[in-house]
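What follows is a pair of complexes built around chain A, which joins chain B in one and chain C in the other.
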Partner chain A sequence: MSSIAFQLLINGLIAGAIYALVASGFSLIYSTNKFIHFAHGAVIAFSAYVLYFLFSVLGINFGFSVVLAIAFASLLGYGIDIAVYRQLRKKKTSSVILLIASVGLLILLESLILILFGADVKTIGFIKVSKGIEFLGAIITPLQIFIIITSILLIVGLFLFMKKTKLGKAMRAVSDNKDVAEIVGISSEKIYSWSFIIGSAIAGIAAILIGLEQNLEPTMGTNLIIKGFAAAIIGGIGSVHGAVLGAFLLGIVENFGIWYLPSGYKDAIAFVLLFIFLLFRPQGILGIKRRAEK
Partner chain B sequence: MMKKQNKIYLAIGIVAVVLIAAIVMFTDQNKKEDTIKIGSIGIYSGEGSAWGIAAKNGIDMAVEKINAEGGINGKNLVVDHQDDKGSATESVNAFNNLVNAKNIHIIIGTTWSSTGIPLVNLADSSKTLMISPSLGKPEFNEGSKYLFNTWPHDYLLSKDLADYVYNKGHRKVAIIGAEELWVKDQTNAFKNRFEELGGTNVIIVEPLPSEKDVGTDALKIKNADIDAIVSTTDGILVGALVAKKVAELGVDLPMYSITIDQAAITAADGAYEDMEFLTSLNPTSEFKETYKNKYGITLDIGGPSAYDATMLIAQAIEKTGSTDATILADYLANVKEYSGASGKLISDGKGGFNYDASTQVVRDGTIQEVE
Partner chain C sequence: MIEAYFIHLAILVGIYLILALSLQLALGYTGLINLGHIAFFAIGAYTSALLTLNGVPFILAILLAGIVSAIFGFLLSIPTNKLKGDYLALATLAFTFVVYAVTLNWTSLTRGPLGLPGIPKPSILGLSFSSNLSFLILTIIIALAVYFIIKRIVYSPFGKVLEATRDNELATKVLGKNTFKIKFIALGTSAFFAGIAGSLYAHYITYIDPSSFTIMQLIPILCIVIIGGLASLKGTIIATIILILLPEPLRFIGFPSSIVGPMRQIIYALILLLILIYRPKGLFGMVELE
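Up next, the complex of A and B:
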């Protein structure tokens, strides 16, 4: 493999890892709640701004700021579920109404960021720009390595959590059949809330890494959730592992694609890939595997 | 009996509401006659707001000064600010709100070409005078007799940049642009002039303005045989991200640009260090100081030019004794020179005003004059 191709692969993995961080939390929430929680993007954005506020404005220790930002993300996700979605569920509203509410929340939270932090671009400034490390002819920064490793660890961790823990098994049960799960004593409402707490904590981790790698702006959540959503569909909506696979595939295809095409076509490449999946494999990458398993 | 009483109370209530509304309308009408209303449309939130807010502040400063000195022909100037958020749709909505709903036919704006060009025909057909403080495409002010611009056209500075880079001894460059109307204009102006001089534009990367993953754009630049990098993105922050990724890939070449603002320098996270750039933002030191004292922030693009736009409108109203947009446009078309906060503005005879550019450099994260 030439150094250019290897660098493109690295670039694709970095982009894919970021998409995976977004898509995994989003997909975890979808798998149990069965509606598209677009406000997940705003949870990421808000948490990134909280990190900025704690570390860059108040000057709190970075490690402590990180912990607080993740805790904030979790609480925000939980709060959204309790204050909005649970109330709507009580009224037996359809998934479409929940989806509309999530879009409304996305806009509301982004507007709140705008009011609280202003419109200008913010940088966390923890890591200064410097030349990356050479690895097999490609260059990668320590932060980018950390992003990729974190994504992989998160996937493994999520896999083990879903397979081995009681809560993870309960989540899978609710995801498979809510009514049957309730018959065996699993409270679906509690599981919904747990999926928001855990999914949003992943959003908090994503917020930190994305905040360090890119700049912060109030509308960053919308852009992130569009790619995260596309990755989740490509991977198989509802499958956390599928979403992660879809994210990496999306990142790699985009980066190899724009090596040959003008840069402005990047989003077009992503959506062409999405359409290909929607037309020929609507169940996504892991959708087929799961059906075959059954 | 109770029902009858309720009806009487209801009737008294309606009469009271009608009377209050009439008094308010009458008072408002009287107030309106004592003031001259103008509008402003700009990017007051989101990407580009550094320019928009500077312009808004510039307008407010001018209005404050005019009113403190007794207003225009005894009437106070009032400005109605509308945020277009950098969106063409919002810009058209803001225009319709000002012109059709509020009957305001004198507007300062817009911030960028992408929000200003869609208003050209609307301004012309509704006979609305507009002066942009920072829009760079000539198609705006050359599209109608009602449209003016107190910010020099982008292509002029971009052509000057090509000369500057060529004279620095560079012959093969990479251009960081963006898929944005006016940035493409700047890219093309630089590219054409640089090639005219004998230079080669080896590669041009133009990501979408909203793009965050620009590693492969940076790789294209790293892989190119070049001796300098030119950024034509100025206020579009994706340019800063590409520069950041280029630095991470270990590319250490001289960088040049135009009209860089503090927001772009911050977004570049150190990647713009030592970058030289040309800018038309050369305000008088008096204006710069007053602005800093008043707002506590460094002056940005749009501030002095919006101040000048407001002052030019005030001068036109004062001299003609009219607020009719056609009369004011005719007056402004005959202004050949104007000494304002931006410096000495010279009319191009097509609604645009030009003034000298200066060369500046990014040092320690701040903008400094090139010695």
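Up next, the complex of A and C:
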């Protein structure tokens, strides 16, 4: 393999790891709630700005700022669920209404970021720009290695959580069949809230890593969630490991795509891939055929 | 001065009215959860702008803007015809992003992020609409025409078939109607009018760039249609006027302009959320979104 191809593969893996962080939280929320929570991207963006505010503006210790930012993400997700989605669920509204509400929330939070922090690009600047390590002819920075490792650890942790713990099992039960889960005594409302709390905490972790790797922009949430949900759909929406698979696939395809196309089309590649999957395999690679055409 | 300001607002109301009415046809009457409407608006704006910049007369450009948008509407309809609910919403949303990415990156045609400046003000058969008042008259004429055409469509037997497709596609099929063709026509027609609105927008502002056509711009239109109520033309008109005028006082309170933009979006988003929670049928809605 030539070194360019290897570099593209590495870049694809880094992008994939970031998308996986976005997609896994998003997919966890989808699997229990069964609607597209677009505002997940804005939760990530907002938490990244909170980290910026705590660490770079107030000068609070980095470790403590990180913990606060993750806690903030969790609370924000939980708050959104209580204030908006629960009210809609009470009226038994369809998933399309919830989707439209989540787009509204996304715009709401992004505009709030614009007002609070301004439109200019922010950097957290905790890690000094370091020289990349050469690895088989490709260049990768220590932070990027850290992102890939954290992302993999988090996904393994999430997988174990879903398989082994009582809460994880209850989540899968609600995800499979909400009515039967309620019959055996699982409160679906509680599970919905928990999935928002945990999913948004993952968003908080994603926010920190993305905030360290990239600059902060008010619209970053939209960009992230588009990639995250494209990854989730490609991999199989509602299955967390499917979302992770889709994320890495998307990252790699995107990066190899710009070998042939101008780099500006990177985003379009994701949408075209998403479109193709929506049309021909809406259940995704790992998903079970459910209701795309129902 | 104050007159000029009101004329400006009235023109915006007219353009948004065309856009909202055309979305109403797809979303309200046919039940197609189309989140790609802004893309048709963009296609119309770019088509018309590029044509007139290359010397094509306005009257031809605005028609072609509608036709090109309609063609894209047809093209989008073919693959997405079977999709329902949130899958259709996502596919059409993805379409918005693809169109955005193309307008941003096809720099040899669209000049990318630099946008297209100097789009000529319309003139029809030597009659110039360069002053805002004359442009307002033109907008009103077109908006009225669009209103009556859409009204004619939805009250016709074909309109009843559209509503039948929305309420129960299977039953409509059983009655021998080709719902594929019905949705195909509905989306194409809806896109046609969105293209017309896009053309008017381009010639009014005289400058367009990709950032005029993002998901941010979708929220006001979606708000108008949902607040006015699905399948209600009267509601759409009232909601358009309310929603375009509502954020205007912000300008006079004395916020800096960097705050006014996001504040508008916050107001729209909040209204959208509140209406979804408390009155999902909207003001004059006949049906609920499913």
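In this text, the second predicted complex is superposed on the first by the 286 of 294 C-alpha atoms of A that agree within 3 Å, B and C clash if a C-alpha of one lies under 4 Å from a C-alpha of the other, contacts with A are read in each partner's own complex, and residues count from 1 in each chain.
Keep this in mind: a contact is a pair of C-beta atoms (placed from the backbone, for glycine too) under 8 Å apart; a residue touches a chain by one contact, two chains touch by 3 or more.
For clarity, every value in this text was computed on a predicted model and none was experimentally measured.
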item	value
Combined model on chain A where chain B meets chain C, clash or fit	clash
Partner chain(s) touched by A:97 [first = chain B, second = chain C, both, neither]	second
Which of chain B and chain C A:267 touches, first, second, both or neither	both
A:4 touches, of chain B and chain C: first, second, both or neither?	first
Contacts of A:168 with chain B and chain C, given as first, second, both or neither	neither
Touched partner set for A:258, first chain B, second chain C, both or neither	first
Chain B versus chain C as contact partner of A:108, first or second or both or neither	second
Touching partner for A:119 - first (chain B), second (chain C), both, neither	both
Single chain C stretch clashing with chain B - from 62-70, 116-124, 134-142 or 170-178	116-124
Shared contact residues on chain A - chain B and chain C	114, 119, 262, 264, 267
Complex contacts: residues of chain C adjacent to chain A	33, 35, 79-80, 82-87, 89-91, 94-95, 97-98, 101-102, 104-105, 112, 215-216, 218-219, 222, 226, 258-259, 261-263, 265-266, 268-270, 272-273, 276-277, 280, 289-290
In the complex with chain C, residue positions of chain A that touch it	35-36, 84, 87-88, 91, 93-97, 99-101, 103-105, 107-108, 110-112, 114-115, 118-119, 222, 226, 229-230, 233, 262, 264-265, 267-268, 271-272, 274-275, 278-279, 282, 292-294
For the chain B and chain A complex, residues of the former touching the latter	44-47, 49-50, 53, 179, 205-208, 210-217, 219-220, 223, 237, 240-241, 244, 247-250, 263, 266-271
Residue numbers on chain A that touch chain B, as the complex places them	4, 7-8, 11, 14-15, 18, 114, 119-121, 123, 125, 128-132, 139, 141, 214-215, 217-220, 223, 251, 254-255, 258-259, 262-264, 266-267
